[in-house]
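Shared chain: chain A. Partners: chain B in the first complex, chain C in the second.
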Partner chain A sequence: MAELGRAALVICLGLSVYAAAAGAYAAYRGRRRLSLSARNALIASFVAAVVAVLVLVAAFLRNDFGFTYVAEHSSRRLPALYTFSALWGGQEGSLLFWLLILTGFAAAAVLLNRRSAPDLVAWVVPVLGGVAIFFSFMLVAVSSPFDTQPAPVDGAGLNPSLQNLHMLIHPVLLYLGYVGLTIPFAFGMGSLLAKRGDERWIVATRRWTLAAWGFLGIGQLIGAHWAYVEVGWGGYYAWDPVENAAFMPWLVSTAFLHSVMVQEKKGMLRIWNMLLVAGGFVLALFGTFLTRSGILSSIHSFTESPLGGWFLGFIAIVIAFSLALIFLRLPLLRTKTKLDSLASREASFLYNNLLLVAFSLTILWGVLYPILSEAVTGQRNHVSGPYYNFFLHVFGLPLLLLMGIGPLLAWRKTSLRTLARTWAWPAAVSLVVGAILLALGAGSSIPGLIAYTFSAFVIVSIVVEFVRGTRARKAVAGESWPTAFSSLVARNRRRYGGYVIHAAIVLLAIGIAGSSAYDTTREAKLRPGQSMEIRGYTLTYRRLVQRESENAREVRALVDVRRGTSSEGTLSAGKNNYPVERQVSNEVAIRSNLVTGEDVYLIAQQVETDGTVFFKAEVLPLVNLIWLAGFIFIGGTLIALWPDARESRRLADRYGYAAARA
Partner chain B sequence: MTLALVLGAALALACVLFVARPFLLDPEAKNDELDEPTAQERRRLELLERRDRALAALKEVEFDHRSGKISDEDYRGLVGALRRQAAEALRALEPTERSRMRNLEPPTQPDIPEPYPPPGELDPPTHPDIPEPYPPPGETEPPAPPQIPEPYPGTEPQV
Partner chain C sequence: MRLALALSIAALLAVFLLYTSIAGGGTPSLRPSQLLANGHDGNRVTLSGKVVGHPTGNPGEGGLHFRMRDVNGTATVAVVYRGTVPDMFRTGRDISVDGRLRNGVFVGVKNTLVTKCPSKYSPKKSTS
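Here is the complex of A and B:
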């Protein structure tokens, strides 16, 4: 069936070429039927991609090791559940998955907007077709998942660290985020190609951008949790280039989500928003390039990788195309509106944009520096955690404070007297919190103390916003407090969904500050019966146990945990030996206290044949707030995404002419 | 191998038919022009965006004033300018709306939403949707805050 997979990819490439070429010609010459035909080609390319993916999934499920990709990423002992991880666990499969999501999103986006913005969609189709050409061409000519070989008896298996439930979700969410950023890019560029100076493209892609941003955010958080429970080095984020690859487009998209509101409210920042939407997409491509080119291991492996040069070329084309188009359309994008005051909501969005983009660029420099240094000097100079942590403090802490200040500012301008009044409660509470924490010894980490103080400011400002809003709503409509609260949120979902997301980011900041600035680490080599102490906990190593699982040999050290006189249960830390993959993985043990948010984290770093174990134990205060933040983040994103009938009516009124004629 | 080729050919054929569908359904199209907005429609859209922006800003200012984020003084200064902007946009829309209504064919008329009040009601000073600003300080006792603007018939304020 490999032939069917190959044929489906060739068809997908052909359809993408047609969508781009015929779509561009039709949009340029104003040909209706040809434009519809190009749109159909883009939709059909999704069907072809689905067929290609189904062929590969069937090969995995049948353990058809005649497919080289299946033989390299699966084995007969691999649990069926992880077959799906194997689908995107390698280079070719992940590219195919990219293409599937891209064509699926493209088909959905053009179908959803075909009536309300037909002239815009006519130009969006060739842009999306152009992106689909690149990925389908790579799969057809450079890196095919349908290469065949004489079938071996068994496959090489899947990397053990990917044999985890997180890996069923994390890559999918990241891809949904990366690829989702293609849609706002295509509509933005389509709008410029169509010479439209209106904001139809923003309206069409508002939810796409928010959803892509939400997927990227949650995908990263699940990735961090995976690193925490599976990789077993004692942390959740290491400023690894692959992690940074997802973080950079998320930061730029965060900037875009804020600055686009300034464009909607005041018609400002049109050029900046185009640059951000193009920047987000380019960084998403760059992230895929980083993970797929081999450049992270060495600049030399990059030149050996078949993908690297192609990706770099495509990124260069996208940058040149976007900048040239934005430059050509500058007269269309320029506005006469100016900032009314430096103390206004839009000014706070501008500050947050500058900080977010600056933070993203410093991370980009940290990622590129080792590569550039190796290219120039032949020696790779690594950029480590302290570099990134420095800029996290420099940009992250002011950003945290801005999350509290922004909502308290009015659009256009806020007088100093009003500022003093609206800031009174947040400032007073945060100063009291800071003083109490300082008295309790939190001054051992100044960035940690500042983060907590700022977090208190933001939380109080969010509460104040909800209370004042509900009170205003109650006064206008004469509703009860609960009804006024729910109508307040329902009537402005983006604003209040945004505040919920801010609350999630604050929890994240508290969790990160607590677990990284105030953590405790102890290491000890123990024989059965011996104990170690860490921050009030006594860890007693009892014995070693071994067992066989479906695809691994497992060794576990059982460790009793006591705090004072009370037992806190038994931890089971150890290692898994995967015979097929010939790899060993760390299996950490975590004791979570869901009331205090604290974790006791135990790694069996080395297990000797005589039963002696070298343990590394950590106590991480408030770390569970990071995971709790994920749920609140999802809740806030859903509130902001939820359709609003009033908004739909308003937009139908504004863009009604197109719907009426379609 | 054969089955794969047959399935591949079937997929290709289905895709070709789907791509050719607009030409197959309408082989001799009388009108093959892409539905692009005219200069007048673009102008109208620009004015609608300006109108919506001004009305949304009025609501926002009203809400911020009620929730204590804007002082009475700032409110008075802002609301007047925003009312003028909204009124200008509404006034500018008037001729394009009249011309648009004239150009519409009768059968398509029922499908098009009629969100605007009759032209006579668009006169800014009497428009019910635009809140009246407070009178200058000292002139009279401050009245009760104005009603939140209601820019679209049938919709409720966002506060």
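Here is the complex of A and C:
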């Protein structure tokens, strides 16, 4: 069976090489039939990747420990569901998974655009083939998931912290996001290779970018939720390099999603968009590299890891290729349009882009700081939370405000008069909210107070936008309020989907501000019967319970929660001891108040044999808004993604192809 | 475009300068051997290494006592730490912890102990 898997990967490599080489030659010479055959090779490479993945899945399901990879990441006791986590839990499997998604996306993207943009697709095929060459080559020659060995009796098992639903979904979403960014990159570069300076590539990939960006965003949020409920230190994001690795491409593609609107509307920012799309893809590769190479946990494992050097080399090639291509096509990308006014919609997009890119660059700087500082001074220094939080305030808060200001500005320019009219409500409400919060004592954290005030501004401006649009629609079409509202959204899915996403980001900001700037932490050593007070809650430690489960010895401290005179139920926080894996896991207890969004978070840090427990309790206000934001984010993204017949007809007219086929 | 580039570079530089002047240049990352050799007495550093010996004591009260060794080396240093202990912590794991060297004992800063995830940072394969 392993031979079949290896053969499938070799075939996949061969097909990618053909797609890249024949595709490039055919596109250069204008050979239509050869071009089609290169495209078919790219599609066939997906089939080969599917075969390889199926071989590995079958090996996992059969517990075939003759496969080294299976033996290292699974065991007989591992539930079948988690064999999928194991499939992409290790280095080789995750690379294979990358290849599978890459070739699948590539096949879908070229098939969907084959009629509407044939000249573009002819050049997109070799670019995608080139990326597929790298990953299939790595799997064939450097890091094979199909290495075999004399089968041991049982496998090494999967890390218990990966055995949960979060870790089943989270990596998949991140990979869909990372790999999805390849498609806009390939179309951007394909457009340059085809000597097209227009917006066709952006139109062809708008939904791909949006979907990849949405996956990346939700994937990170699920990761944050996992950290919150499973890792158990009372937080959800720690500016860890691997977390930052996913955050940076997300920030850059956020910038890209906004700046392409300027190019579509005004034909501006063409060079900038090419740089952004290349930057997003490079950061996605860099993210995979960071997660997999181990360069940051210890610089010395870098030289040992076979993967690191190859990845760096490929990243260098991608950067050189993109920059050279953009430079060669500069005359094509130059635009004559100038910015009319600094107070216009396009200018606000420009500010948003600068802030987002500056923010991701500062994060990149922080991530690379240990390596850079060692190279320059010989002393390995690193930066942590305070560094990143500083920049989160410096760039994040203005971004938050811009989210409210931008949509209120008109394209080209906005007069002072309209400005005053549209800003009146949001500004008034946010000032009142700010004043009330200040009176309530929110001034204990200035960034928190600013975040709340700006959030109020954005929320009101979004509401104003919806009301204004619905009212106009009602007046023009003579519809009832609900009909006018739904047809308003249906006719402008991208715009109003975007506003819904903005609302989600605001909720996220409020949740982050509330839980990080206004949280309370108390620690106490309690004997049964004793209590601790935290922010109006009384936590009374009742007793200790022990039980044996299938694979762990579980200890739980039962703690009654009271607020004033009303009982809020019982929390059970404790530890699981896994004797086989020789591991102890903290099992935190969380009491969520779904009305106020506040959590009581309880950790039993240390359990003594005499029944004494060291507790750490936290009260995190508004933290549940973060998870609520995730659902609204998905909703908004779906609205913006939803197929729009009117839009397709408009685009068909603009680019002169038959809409029915598109 | 040029304006945009100039603006972004200017903004970046300004903020960098601002930051470095406020906060200095980050925390040094050291291995136990470097910590002992350089004598970073009293300065806050991040110590990275492998947990060796049997951890004793209590992270809640008197402090958890253990030794840390270079991941690829033999130098070890005694560590005392209070605060949250991650699930993955145990003898043989690679960890990092912030703290200060005081009279030959590395005194950890509360709640700074982190473990390296062994599944993600799998070391060099011996089989391949």
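Quick note on the criterion: the second predicted complex is superposed on the first by the 643 of 662 C-alpha atoms of A that agree within 3 Å, B and C clash if a C-alpha of one lies under 4 Å from a C-alpha of the other, contacts with A are read in each partner's own complex, and residues count from 1 in each chain.
Rule of thumb we're sticking to: contacts are C-beta pairs under 8 Å (C-beta built on N, C-alpha and C of every residue); 3 or more make two chains touch, one makes a residue touch a chain.
Bear in mind the structure is a predicted one, so any value in this text is a computation, not a measurement.
Aligning the shared chain A places chain B and chain C next to each other free of steric conflict. Looking at the shared chain after the overlay, A:Asp653 reaches chain B, while chain C stays out of its contact range.
By the touch criterion defined above, A:Gln91 reaches chain C but does not reach chain B. By the touch criterion stated above, A:Leu350 is placed in contact with chain C alone, chain B being left untouched. In the superposition on chain A, contact of A:Gly267 is made with chain B only, not with chain C. Of the two partner chains, neither chain B nor chain C is touched by A:Ala255.
Once the two complexes are laid over each other on the shared chain, residue contacts for A:Met1 go to chain B alone; chain C is not touched. Of the two partner chains placed around the shared chain by superposition, neither chain B nor chain C is touched by A:Val460. Between the C-alpha centres of chain B and chain C, as viewed from that of chain A, the superposed structures give an angle of 150°, to the nearest 10. Remark: least CA distance from chain B to chain C after fitting both complexes onto chain A is 21 Å. Every residue of chain C that touches chain A in the complex is listed here, in rising order: 1, 3-4, 7-8, 11-12, 15-16, 19, 22-23, 25-30, 46, 48, 58-61, 71-72, 84-88, 90, 94, 111, 116-124, 127-128. Every residue of chain A that touches chain B in the complex is listed here, in rising order: 1-4, 7-8, 11, 15, 18, 26-27, 30-37, 40-41, 43-44, 47-48, 51, 118-119, 122, 194, 196-200, 264-267, 408-415, 417-418, 421-422, 465, 468-469, 471-473, 475-477, 488, 491-492, 646, 649-650, 652-658, 660-662.
Those residues of chain A that touch chain C in the complex are listed here as 68, 89-91, 147, 149, 158-159, 161-162, 231-233, 242, 269, 271-272, 291-292, 294, 297-298, 300-301, 304-306, 339, 350, 353-354, 357-358, 361-362, 365, 369-370, 373, 379-384, 386-387, 390-391, 394, 523, 525, 582-586, 603, 605-606, 608, 614, 616. By the touch rule above, chain B contacts chain A in their complex via residues 1, 3-5, 7-8, 11-12, 14-15, 18-23, 26, 29, 31-37, 41-42, 44-46, 48-50, 52-53, 56-57, 60-61, 63-64, 66-71, 73-74, 78, 100, 108, 111-113, 115, 148, 152, 154-159.
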